[in-house]
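First subunit A sits with subunit B, and in the next complex the same chain sits with subunit C.
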Partner chain A sequence: MFGRRSLLRESLPIVGFAAVYMAVASMVESEYHLLTFTLVAVWATMGLAWNILSGYSGLVSFGHASFFGLGAYTSALALKLFGITPWIGIPMGTVVGAVAGLMIGVPTFRLRGHYFALAMLAYPLALLYVFEWLGYQEVAVPLMRENAAYYMQFTDHRIYVGIAVALMTAAMILSRKIEISRFGLSLLAIKQNEAAADAAGIDIMRNKLIAIVLSGAVAGTIGGFYSMVLLVVTPPSVFGMLTSAQALIMALFGGVGTMWGPVIGAMVLIPLSETLHAELGNVIPGIQGVVFGLAIILVIILAPEGIYWKIRDKLRAGRDDDRRPVDASSAAPAEPSEPARIKPGPDAPIVLSVRNLSKNFGGLKAVQDVSFDVPEGAIFGIIGPNGAGKTTLFNLLNGFVTTSSGSVSYKGGDITGLKPNAVCRLGVGRTFQVVRPFLRMSVLDNVIVGAFVSAATDDQARENALAAIELVGLGGAAERIAGSLTNKELRLMELARALAGQPKLLLLDETLAGLGSSEVEDLLAAIRRIASRGVTIVIIEHTMQAMVRLADTFLVLDHGQVIGLGDPKTITREPRVIEAYLGKKWANRA
Partner chain B sequence: MSTTRRTLMMTALGAAGLLAVPAYAQTSEVKVGLIAPMSGPWARQGELMIKGANLAIEHINAQGGIKSMGGAKLKLLTFDTGDSAEKAKNAAQRMVSQEPDLVAATGAWLSSFTLAVTEVTERAELPMTTLSYSDQITARGFKYIFQTSATADTQANTALPAILSVGERAGKKTTTIGIVQDNTASSVSFAKALRETSIPAAGLKLVVDETFTPPLSDATPLVQKVRSAKPELLMLLPTAVSDDKLMVEKLSEFGLGQGKLPVVANGAHFAVPEILKSVGPELMEGVMVTVGNWAVKGQESIIDDFKKKTGEPWMTQDSLSSYGDMWIFKEGLEKAGKADRKAVADAIRAMDTTEGAAKFFPGGRIKWDDKGRRVGATVVIVQWQKGAPVAVYPPETATHQPIWPKN
Partner chain C sequence: MGTVAIVTENILQAMAAGLLIGCIYGLMCAGLGVIFGVMRVINFAQGDFMMLGMYVAYYFVTSFGILAIMGPYAGPIAGALVAGPVLFVLGVVLHKYLVTRVTGIRVAGLEGEGHFAQLILTLGIALVLSNGGLILFGSEPVSIRTPLSRTAWELGPLMGDAVSIFVNKARFVGAIVSILIAGALYLFITKVRFGKALRAAADNPQSATYVGIDVEKAHRVAFGLGVAITGIAGGLVASYYPFQPYVGIEFVIVMYAGVVLGGMGSIIGAFWGGLTIGLVQQMSTLILPTQLQNTAIFVVFLLVVFIRPEGFFGRSAERT
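Entry: the complex of A and B
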């Protein structure tokens, strides 16, 4: 799917939708209903702005009112103080929104999760007081009787709908472009698992900053237009909690992470809220808020990820069931014949060299003075009981955790202290103990995320991804949704994702965990095939039986220390190793 | 034959009905609007406005409706501005689109809502009166807006001379003054006008000048400063009722309450009936409040009727203003002689009277300047006396003598 979509073709449904929306609006006479048409498009665009950052990258923002409000004040003050037409004032709002995105993003992206969300909440609240302090409690856009069109003041309210729809369409096309681009897939990868994305070679900070700048620009634009619709700008109306919440609610209600979500949300919620307000507000004051709240709660309970996903999942479920048997047979181990693998000789060049590596967490010595060399083309097994420090060692190798002392060199170059995505770009891939697939995406898209790091073009990424899928034996399942895969297939897909970046060295973290014995065989075959292509493999495992048959060399860890290194058969007979695994009693028997 | 005759009869009846119905609607009922917050944090103000407007409509219709239109009755339509400028604009747009035969409207209450609402009513050429204070409302060159209260700037500049004259009337010349304010927008602009214009102009000495960020946790340090500086008059400018309460309590505790130190607050939040429950009448005794409108001498029968019908303890600015606004519409309609919003607007714009509706507004005159501001609009000073805020200024229409310490 990815890489074959042309933006032009993808834009057709959006433009079609906008045309229908506009056609319906142009048949409406009442200015009141036209205002609702305008506001639906405004809040849809605001929801889209929120979605560009929070929907695609998963960084929930409670503070999008900052960008919206700055845009609103920019266009309103430009007209009021300097007589600048909104046709220029609104694009000025775009720029201000983008700059604000950058300025807010740089410090705030240091925070994660809830802390990020809360920090974002603070910006509009602070701006609210700043604008009150500046004396802009109420900025009224001056009424222009002459040259009204130049100042965006129309008597025909359909023109307002037209501008709003044009802005919404632009935001939708931008969103669609992101969805089908390398950038969008990178954001999705960050959303699903920031660590995995980092390990797959994605520059996290850069991608997040681009997202917040685009998001701020869209919010600033629509804020600038909003002040021309409302003609009055007050700090609470543009920087208030409700503004941020509204953006979030539109997207959550309609569907997060898709450009249709905020549009569906706005088309349902804005007219609903206004109708309730108009019909019930005078009868039982305040009841409209209660009904509105209940409607939202109901939808969140019935469709927790939004209406769009609920419908799409229903539609997909039917289709996937039909295809399943075919895929299952093609994913079965009807594999290409396995070329004989030659173990590296004693004079093979060293790919990975670890010297005196240590890591302390406070008083705990997780890894102590570990040294080893991995020759090119080897399958190097690291074993040890639970808590021996295996995963910590991996995290030190690819840069997730900084070393306390010691060094790691890859192909002769020192990589100690490099960031995971930089290590990845050098050609070191890795998988994780806990599989984190992107469940709604196809297998191919899942794997493409890993291919970006080494591919210059999107087509190249696609090709590498397909080759990797073929190599692990998932050839027939490339178009399936990851959510429909079995545990074994997920493991293979994860392997393919790491492989798609064309690494020279692959770090596999407990790839065999939780699999049945026949499934283990499939994975072992896949790993051997990969190794036969000249990829060096370092694998962590604690199921000894499988490892003995797979690895050329064993490194045994216990309590963070190396207690054995050498040929698997010899190592497994060493009393210290048996003791570590089974206790003293068994060591004596051996 | 009989079928034909019946058809003819029906047609004739139908035609008569068609002719009669619009004619009947035109003369018998004229729609006026009230657009104000009826839900959200300012819902109470909207409620008070509806109560005042309903009473006026009842009185007008009982006295024969619009006489120049054959005794047509007034009918009030209400529109809720909700809690945001966007909802206010929606409500205004709904009002002008769905009620094309509306002739005039009043309300909006919060200045920012009034600004948003009048953007719509101006373009629809619907005359709109408002009690909102903001100067901006009538600084935009609009032709269909009529501001009945003194604007914020005017209030800030006229309040202090008015307060001093109350003191003089009670036999005391004031020479020193103190200000305790919070840092919200309305307090800041009011205090700025005091500091820069009114206090120097009156030749007063500012002996204590304190600003705090709401909400207060403890008013003791502020009141200690006031007590040691010993001003003869204290301008007390919080905006939150909780801060009002803390300040008044602490002043009383330090022996400055119950009128021993004349205290003047700004804004109707200091004179709403809710204060009776939250602060209590004893502590409020003697506190003065400057407001845009209040029940004054000559309105006793209206106020009695209002209290009887609504159960409210007194008639606030909100109720009284919307009561008076209905009378302005009534008189506009009398002159226009037809239910046409432009004709009504012209009639209101041309008013110059001290009779009828003019009696419901401080200054006692209805005449508009070219911006739509009421000429001679001034502040009313009310003082809490025996559990109710009563008018003590302007002297012509004051219902009570001010309480002021004589030393």
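Entry: the complex of A and C
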């Protein structure tokens, strides 16, 4: 859970683990076994690097060998060509890895899904051929026995284990820091639902770039160290498919999205494959790859999120009886009494002003020449039959979709064409027609993600989130996992998430859809409470009944055009509106 | 011979080689295209299935004295064609017991969570196949050596008496077979009833189910078919290119470059994409060192992905 955690305390188990690991290693004499200890830590670190990007943000990288290989070549070539000590060469690898992360991230994050995966796959393979062409088919690190410590060439192999463990510990602490930080929670939100994260004010591109730079830096570091352990670097051994795959396999096997995952994975798989390789390598040369391949096939079929989560879910299952739904009204006994809401008068300032807004999708005119003003403090209802263009209109307002023509201004400033997270930062929150929760996160964490946009500190974010949860009436459910909520509770939580960013204007997209009549009442009450705090509300609905009681003003859309604007009671009697909803026959009767 | 003549000859030679190799690449891309087009699954193991096709052809041709019986033309062709059914069966079995657990109607429609499981599963299959291949076949590069591999027809002289093009016989035969098989595949997809069902399953798995198409079966056949076609292409490559068990990864990128270039999901587009990649690869040797051939393909691939991810040859209407 987020917040109220000190990194120092969180680091204790990590340091303890490293100490035990080191203690066990120091009792080992055999050079060969010490190499295994080193390699476990190396691949655990590489898995951690992969996990920082792919585990936390959900963008699966099949090309982490790029960073690893660049780091390996950096330290090896620095020593071989310029006599630079690995103590500097490895940090140089860190920098190279980070820069490579940035250079790969900027273009590649524009791609999605399949294309992202394929592009990431292509980078290390292209680098492989480039390094072969450059004449670095085999770079041997020169032996410098006379100044061993300076050149990191120790006869006591326990020192290698020590350095590897130090690097692994650093990577684990970095991972843990990410997990408990605002940045980590933002990545998690992106992983679970990018659109919702964007609308909650999270700068998607910036967060992803930070992740890939950190990830590249860690992979470059460990690659730089790896070449000093093996003393020889070849393009296939560092840029090859198996290197990328190994990073992914460690994390996937052990557990994705947790810093323990890659460590568990490496501790199981590396000794296994090293032993098999040593015992059978001469007879069965490809045994290592077969083991890794089988490991991920089994994991993806039996425990798709890795061993760590499988065990954790098993342990949790026993004592997880908090799935009972909390009734919103009873869970918030101290329900704030509703102060009588004052409807905005004719001279109230205009918050949102839409002028001649249009959007075409090819030949389809989804929104045509729509103009309206929303005064401060209003509850402004947008109604219309299915397919009238209501959601498209919202997507234009908050920047999910670019406008074809026309403008949107918020508090007098033009916001046409801004990205959703920028619109959100200005104080415009929104919810979605299809609920977009972060299902594996607690209600509180879900809402905290929404609070980041306006909160200066993490504690502030937490406070704002708790206040928002209280206001919508989910007070008793803050610690529950979003996946266990009912439909109504999810909608309330979405409301809270949008509210936690302290918006001045809230866009609600069919918040009442699919709810029973008593549930509708709970939501209406929550919306009225929000409005009474001075938040202006624009709400889309196609069910008239509830809306007539909620909204001050109706805008009626049909086929993307405005066919009515005004007081709900009057509007619902207009023949054009009745026709749009019920067809000609009813219009004639009315 | 003047400089102009030499340059012309080099260009024509590279184009000829590119077209021939391109046809074979086109066939392997069409195989991947079937799988991607119908199932929307990225199959990382496709290159390793191709490697298996190469070895099937190799062992078939070399171990039964086939070459002596059938001669240098029919022998390698028979070897390549045998790879087809073998790989088809393997593909169907793998789909039935593994791939289907992470694919199907559930994920065909959505771009989100589901497809990473597929990517990772096929990566696992790829590792097992390529390293298992190392165990079974050894790391020594082999190829189907026939008199055709080393001989060529001379076209020309074309300009005066100077410029002539040499057409490698093994590649030429491979290209002809590729065109025929790709043509047959096209007819199957567009004219045969089951082929049409495949397209329907690709276009909208849900609706296909409603009109009585067994989408699961369609996917299984598509997977087997795609693997088989790429396997045949592998068998053809084996007659002119030395290979070892790790050869798959070299061709995975060739295939994906071709499929992306052709417009993901279009089988015919994939063939044209593969042809283009073959040309790019061979033409790049005119200006780049041989080691960078594949890098040229990567660059083309990345450019396509960034500039025109919908590809150049596919029409969105003809999704299969």
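The rule we apply is simple: the second predicted complex is superposed on the first by the 552 of 590 C-alpha atoms of A that agree within 3 Å, B and C clash if a C-alpha of one lies under 4 Å from a C-alpha of the other, contacts with A are read in each partner's own complex, and residues count from 1 in each chain.
Rule of thumb we're sticking to: a contact is a pair of C-beta atoms (placed from the backbone, for glycine too) under 8 Å apart; a residue touches a chain by one contact, two chains touch by 3 or more.
Small disclaimer: the values here were computed from a predicted structure and weren't measured.
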| item | value |
| --- | --- |
| Contacts of A:132 with subunit B and subunit C, given as first, second, both or neither | both |
| Subunit B versus subunit C as contact partner of A:36, first or second or both or neither | first |
| Partner chain(s) touched by A:8 [first = subunit B, second = subunit C, both, neither] | neither |
| Partner chain in contact with A:252 - subunit B first, subunit C second, else both or neither | second |
| Partner chain(s) touched by A:242 [first = subunit B, second = subunit C, both, neither] | both |
| Which of subunit B and subunit C A:289 touches, first, second, both or neither | both |
| Which superposed partner A:111 touches (first subunit B, second subunit C, both, neither) | second |
| Partner chain(s) touched by A:27 [first = subunit B, second = subunit C, both, neither] | neither |
| Subunit B versus subunit C as contact partner of A:230, first or second or both or neither | first |
| Footprint overlap on subunit A, comparing subunit B with subunit C | 132, 242, 285-286, 288-289 |
| Residues of subunit A defined as touching subunit C within the complex | 60, 62, 107, 110-115, 117-119, 121-122, 125-126, 129-130, 132-133, 241-242, 245, 248, 252, 284-290, 292-297, 300-301, 304 |
| Touching residues on subunit C, where the partner in the complex is subunit A | 42, 44, 98, 101-102, 111, 115-117, 119-121, 123-135, 138-139, 245, 249, 252-253, 256, 260, 264, 289, 291-295, 298-299, 301-302, 305-306, 309 |
| Touching residues (chain side subunit A, partner subunit B) in the complex | 30-33, 35-36, 39, 132, 137-138, 140, 142-143, 145, 155, 229-232, 234, 236-237, 240, 242, 274, 277-278, 281-282, 285-286, 288-289 |
| Residue ranges of subunit B touching subunit A (in the complex, touch as defined) | 38-40, 43, 46-47, 78-80, 82, 84-87, 89-91, 93-94, 96-98, 111-112, 115-116, 119, 122-123, 134, 136, 140-142, 184-185 |
